[in-house]
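First comes the structure, then the notes that go with it.
Chain lettering (A, B, C, D and E) follows the sequence in which the chains are written, and residue indices restart at 1 in each chain.
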Amino acid sequence: MLTSFYYQKGKPLESGLTRPRMFEILQQKEGLLWVDFDNPDEFESDALVEIFNFHDLAVEDCVSDVSSPKADDYEEYLFLVMHALSLAEEGKLKTVELDIFLGKNYVVTFHKEPVKSIQQVRDIVKRSETMMNQGSDLLVHNILDHLVDNYLPVLDYYDSQIDNLEEHLVNDPPKDYLSTLMQLKRDIFNLRRTVSPQRDTIYFLTRNPTPFIKPKNVAYFRDIYDHLFRIYGMAEGYHENLTSILQVYFSFQSHKLNDIMKRMTILATLPMPSVIIASIYGMNFRHMPELNHPYGYLGSLGLMALISVGMLVWMKFKKWI
Amino acid sequence: MLTSFYYQKGKPLESGLTRPRMFEILQQKEGLLWVDFDNPDEFESDALVEIFNFHDLAVEDCVSDVSSPKADDYEEYLFLVMHALSLAEEGKLKTVELDIFLGKNYVVTFHKEPVKSIQQVRDIVKRSETMMNQGSDLLVHNILDHLVDNYLPVLDYYDSQIDNLEEHLVNDPPKDYLSTLMQLKRDIFNLRRTVSPQRDTIYFLTRNPTPFIKPKNVAYFRDIYDHLFRIYGMAEGYHENLTSILQVYFSFQSHKLNDIMKRMTILATLPMPSVIIASIYGMNFRHMPELNHPYGYLGSLGLMALISVGMLVWMKFKKWI
Amino acid sequence: MLTSFYYQKGKPLESGLTRPRMFEILQQKEGLLWVDFDNPDEFESDALVEIFNFHDLAVEDCVSDVSSPKADDYEEYLFLVMHALSLAEEGKLKTVELDIFLGKNYVVTFHKEPVKSIQQVRDIVKRSETMMNQGSDLLVHNILDHLVDNYLPVLDYYDSQIDNLEEHLVNDPPKDYLSTLMQLKRDIFNLRRTVSPQRDTIYFLTRNPTPFIKPKNVAYFRDIYDHLFRIYGMAEGYHENLTSILQVYFSFQSHKLNDIMKRMTILATLPMPSVIIASIYGMNFRHMPELNHPYGYLGSLGLMALISVGMLVWMKFKKWI
Amino acid sequence: MLTSFYYQKGKPLESGLTRPRMFEILQQKEGLLWVDFDNPDEFESDALVEIFNFHDLAVEDCVSDVSSPKADDYEEYLFLVMHALSLAEEGKLKTVELDIFLGKNYVVTFHKEPVKSIQQVRDIVKRSETMMNQGSDLLVHNILDHLVDNYLPVLDYYDSQIDNLEEHLVNDPPKDYLSTLMQLKRDIFNLRRTVSPQRDTIYFLTRNPTPFIKPKNVAYFRDIYDHLFRIYGMAEGYHENLTSILQVYFSFQSHKLNDIMKRMTILATLPMPSVIIASIYGMNFRHMPELNHPYGYLGSLGLMALISVGMLVWMKFKKWI
Amino acid sequence: MLTSFYYQKGKPLESGLTRPRMFEILQQKEGLLWVDFDNPDEFESDALVEIFNFHDLAVEDCVSDVSSPKADDYEEYLFLVMHALSLAEEGKLKTVELDIFLGKNYVVTFHKEPVKSIQQVRDIVKRSETMMNQGSDLLVHNILDHLVDNYLPVLDYYDSQIDNLEEHLVNDPPKDYLSTLMQLKRDIFNLRRTVSPQRDTIYFLTRNPTPFIKPKNVAYFRDIYDHLFRIYGMAEGYHENLTSILQVYFSFQSHKLNDIMKRMTILATLPMPSVIIASIYGMNFRHMPELNHPYGYLGSLGLMALISVGMLVWMKFKKWI
């Protein structure tokens, strides 16, 4: 599906433009044209070449499956690859590639699945002319700004997941605790791997002047860089937290099991003296004076009890139990 | 709350300036104006735009929640984001963002919670005119100098915490030893993450000349860099120490438990020969000559004692106990 | 074996050229000559020196066993060393060195074992003249593009292997699970070590202009760099996954064994009370009233059962079993 | 305490100069003046400002507690902070800060505790005029050269400590083995942290020409850099060795304890068959033919012995013992 | 011992030159002089200063014990420190420092122990004039080329050692397995530490033009860099392999021991029911009907056997054994 907007100062906003109209606009080099390709079919994708005449490599990056975030300068336009983040069911990280062509008087966005930030900016454009009036670079800045802001719910989700894990750590971790933790660790690894090249790409844009971003607007892109830098820092912090939870978890688990083992061994050790005493008085020697003593039986039972209690007291004293 | 000072050579220090007066001063470009925004309400915050006309991105950085330390050059002024550190209750690390606008003849500081170094410099300004007489760059240097000096109590606290942990390590570590250690490790991770971008920001200022810092004063900022560099090094050392304590702790814990297990096993092994002997003489064979021997009973008891002592001696000799 | 093609605009494609014809073509400096050395014998290898007059160091790199990926600029031509990847039996990674000489109007490829991408481009050249018509740099780009695309089946294989491992993790890991994992980890280490210098080599080509790649075609090589960058990222992700599987595996193994140990200890602990009771009533004291009681025997058996069941209940309650 | 020397070509060496004489020399800008501040009192420290007029930041670095190694260029002189290393009692690493001001015709050294290399160069200066005749840069080189040479005994000490640890590893590691190792590891961490900024500081001096080091003398400072580079490499090697010793230690410890556990379990298993046999013949069944057999008793003893020996042989065969 | 060669075009090779002859040659600045100092005595070492007038720092690097690999440019000549590698007894890595002075028309090599590559080049020089005819830079290249080629047997030795370790891993690792592995790991650490500065030194030479290497010959030094780069990569691979072997080894060891423990516990658990049964029928109750039953004895034995077999079957079913 194609959505298109054209704004020229003093004139009303056009939308839903035809191909010939787009072509005409590109010739005039005035106003600002924004065309969004939202999961386009093959015929619609052709417009990238036929109307905009984009380089085949950039077009291939759009229609092929996955590309890394980057900024390529093709003289006539700047080609940006960014990744939108969202949470699929069960908290799996979902990445959608967003390709942006930034020309002097046009912006082309291309994505195969709905991207929330595009939807948001589209709504603003419909409501107010200001956004289309600021030039192509600030339109792109707005899209990127929303894109990066939409990372925050993802980060919040992970944050709460980690808090969850931390809470369960002390009490009774469920059976799949470790796999949950490991899955989270891998998700955060992927998050960092998604954020870091985007951060570097935007950094590159702020340091290397391109004709497509006006010098006075570079600060806006630097602002996006700051956001990405902070998000990466947060992701790093999550990673550190998870690593530390993992270490405590392993230590707790081994403590707990060792504890049980210790108690078991104590239970196996305690009856031993009683067994010996009973065995001794079960011997068949002819001359065993105790056997004939009227209190022999009670005495032997008492001895067993005494030794068992004595052992318990000693273990307590030695802090074994 | 707004606090403002204005000093012009030869004239007395003005304070508590009105908005029109501030506006007037900014036009004159003489003397030195310092306005401190201490947890300002919305109306007060407006002054950032209305009077100083600061860039909306910088203003957004001020009023929004968290920004990373950085130095942005907006032609008319330099925008610095720094972080003050203090200890909240229970030794949790607390970070307060301090935003600084450094212009030719004015300094604007902005923070949402009280910052100790601002309070300190404010007190000095009230007591003596010297500080306001040295120019805007040295005023900022003074604020930063106090800011960084206020890191030291935090570091000292962590230092003593680590010493504490180390002391408890050998004797009897309390039950929450590991969680305390892990919490400390994470606090120090956060400390390093707070210090390192500030260090880099100040480094950047000392290496890239800006019109807002006079060349002869760059050395003062280099001095702050040196402080931050050393603080970061100290934090790194703490991290190393904690890692090493952790390893020793794990090793000690496993040693201790294994020790108990060993003793338990010994206790379970020692009675075995006695049990066998007693069982043998409990057998009902008709022809067991020892049973009729007058010293059979005593002899069997003696044998049990002998073997048990022999085993103890052997274990001692083999260094098992 | 030598395969050669020569194309000059407007003339039909020549193939299977003789040495004198090659020599003649090199003098004319027109059209495009491609000679592929596929596991050449010594006589054929001589052509590198005798006809093309390549530097002895480059020739040595070709005929010697292994060289690292690199790009050397020898004024008259660019010498590229790349590595083709494929899977040998049992999923072992197989690397074949592909040496490429890129001149103004000729391309020489040299390899000791069949390289799939060479075969693919050779087939295209035979089918259509377009490829030979685009210049030497785009011919090389095409070879590299196929080379890098042929990495993907290798990556897919590893991906499925890791999925396999992950699946077996929860159920019943076979005996050689760990060695398989370790072998995979090492293969992926080798993969990364193969990809990373190639990525850097191509990056070097895109950043440093050479007369052998036309400026407008640099974007094509940047595209190959993007591919290699993404492949390296994928390999890094595999490495991270394997590390995480390894940690979970170790934790699962130790859990399982500890579990068995715990059950065993319980089994050794449970009979103890019964043994004591039986031993007590096996004592030979003259005065043991229970022995004469008509329900003494049944009572003692009942007591044994009671205590055993009680212990089981208690252990269940304490979550030991 | 202040020690001062002044040398002018053709004139005898002056020492113990008064403040007015120093001031006079500084005006003349001829010859070479060396003033050493050895743990100066407050009055003596004042000379830094009053006579030499050094920048207050540099003076603060001198009198304050600790500064990181660095080289600051203050137009009129170069300010160097270096650290001398020595061993305090019990092998603790001791660091003393040495501050050096290198001017065109003077050298000022400042330290709060005795520094061996200063003492050594002072002795040479007293014995021969050559050193003071070579210019201020070579005097500083000589001080630094001795400073770095004095690192070697420290390294040798650590080397022998590591050898010690390695020797004890195989035999019988004493109880504080692990803490010694950990302490050593931390000392070497500190050593590396002390050496690395000094190495970088000297590297900086050799790469960035300063007017205070004559170009032909840069090689001498490069030589000090080489020494520091090698020392850092050695410290890295020590770190690696300790890490490897630690791993072997943990493995040995667990081996040893597991060994004891294994033997204990064997000791607990071996008597079991004998206990069963004896218990069986202790049963009170009326019809037990063996009980009346004249060799029943001996036979049962023999059976016990046979089974025990058989078990031992089997365990030996299975390599369990 | 000094070995010297002098070659001038068209004249026969001179060897064993006297000091005055060397001095004379150095004045003429024609032809190529090579002097090799093989473990020279003090008198011979003097020639470095007296004849060649080398800088005292370079001479000190030669005669002192150890220097790091580096390339120092002393205007009149280039001073190179390289390290030859060989295997001492028991596979210990042995490093011999080789110092090279590369002048316009002379090469001086200095080493305290025999260096194989020097011997090899010396033999070639004696056999053919070509080598001395190519200029001083290519003579040095030849020495370095042989030096680096002589690394390969060392690498091969480590490779076979690692294969050895891997083979023993599965079967029966000998008692010193771990120490061998750790020693190997440390040797390879040292190998990497030796190779990496040499690689960087040669890289530096190829990137920074020096007047002592003709531009057209830089490619030869780049070739040596490629070799060192590959060797370093191999050493990195060895390190990775050893780390992975170590992890598998620890896992195997713990598996094996746990296995034994498990079997032992089973052996201790199995007899328990028999002991209980026998103890029960050893009780002295008056009313125990089974005792008078004619098959009581056999029945009890049968019960013991039945329970033991049942337990075994159950354990097999539960996969405990």
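Keep this in mind: a contact is a pair of C-beta atoms (placed from the backbone, for glycine too) under 8 Å apart; a residue touches a chain by one contact, two chains touch by 3 or more.
Model, not experiment: these values are computed from the prediction.
Participant: Counting only Cα atoms for the centres, state how far chain A is from chain E in Å.
Facilitator: Their C-alpha centroids are separated by 41 Å.
Participant: What whole-Å value do you get for the distance between chain A and chain C if each is reduced to the mean of its CA atoms?
Facilitator: Chain A and chain C have C-alpha centres separated by 26 Å.
Participant: Two-or-more-chain contact residues of chain D, please, as numbers and ranges.
Facilitator: Within chain D, the residues that touch at least two other chains are 261, 265, 268, 275, 279, 282-284, 288.
Participant: Chain adjacency by touch: line, ring, star, complete or other shape?
Facilitator: ring
Participant: How would you write out the ring of chains in order, opening with chain C and then chain E?
Facilitator: Around the ring, beginning at chain C and stepping to chain E, we get C, E, D, B, A.
Participant: What part of chain C is in contact with chain A in the complex they form?
Facilitator: Answer in residue numbers: 170, 219-220, 222-223, 226, 229-230, 233, 236-237, 240-241, 244, 247-248, 251-252, 255, 258, 261-262, 265-266, 268-269, 272-273, 275-276, 279-280, 282-288, 320.
Participant: Touching residues of chain D toward chain B in the complex: what are they?
Facilitator: These residues of chain D touch chain B: 55, 57, 60-61, 66-68, 70, 72, 74, 178-179, 182, 185-186, 189-190, 193, 246, 250, 253, 257, 260-261, 263-265, 267-268, 271, 274-275, 278-279, 281-284, 288, 290-292, 294, 296-297, 300-301, 304.
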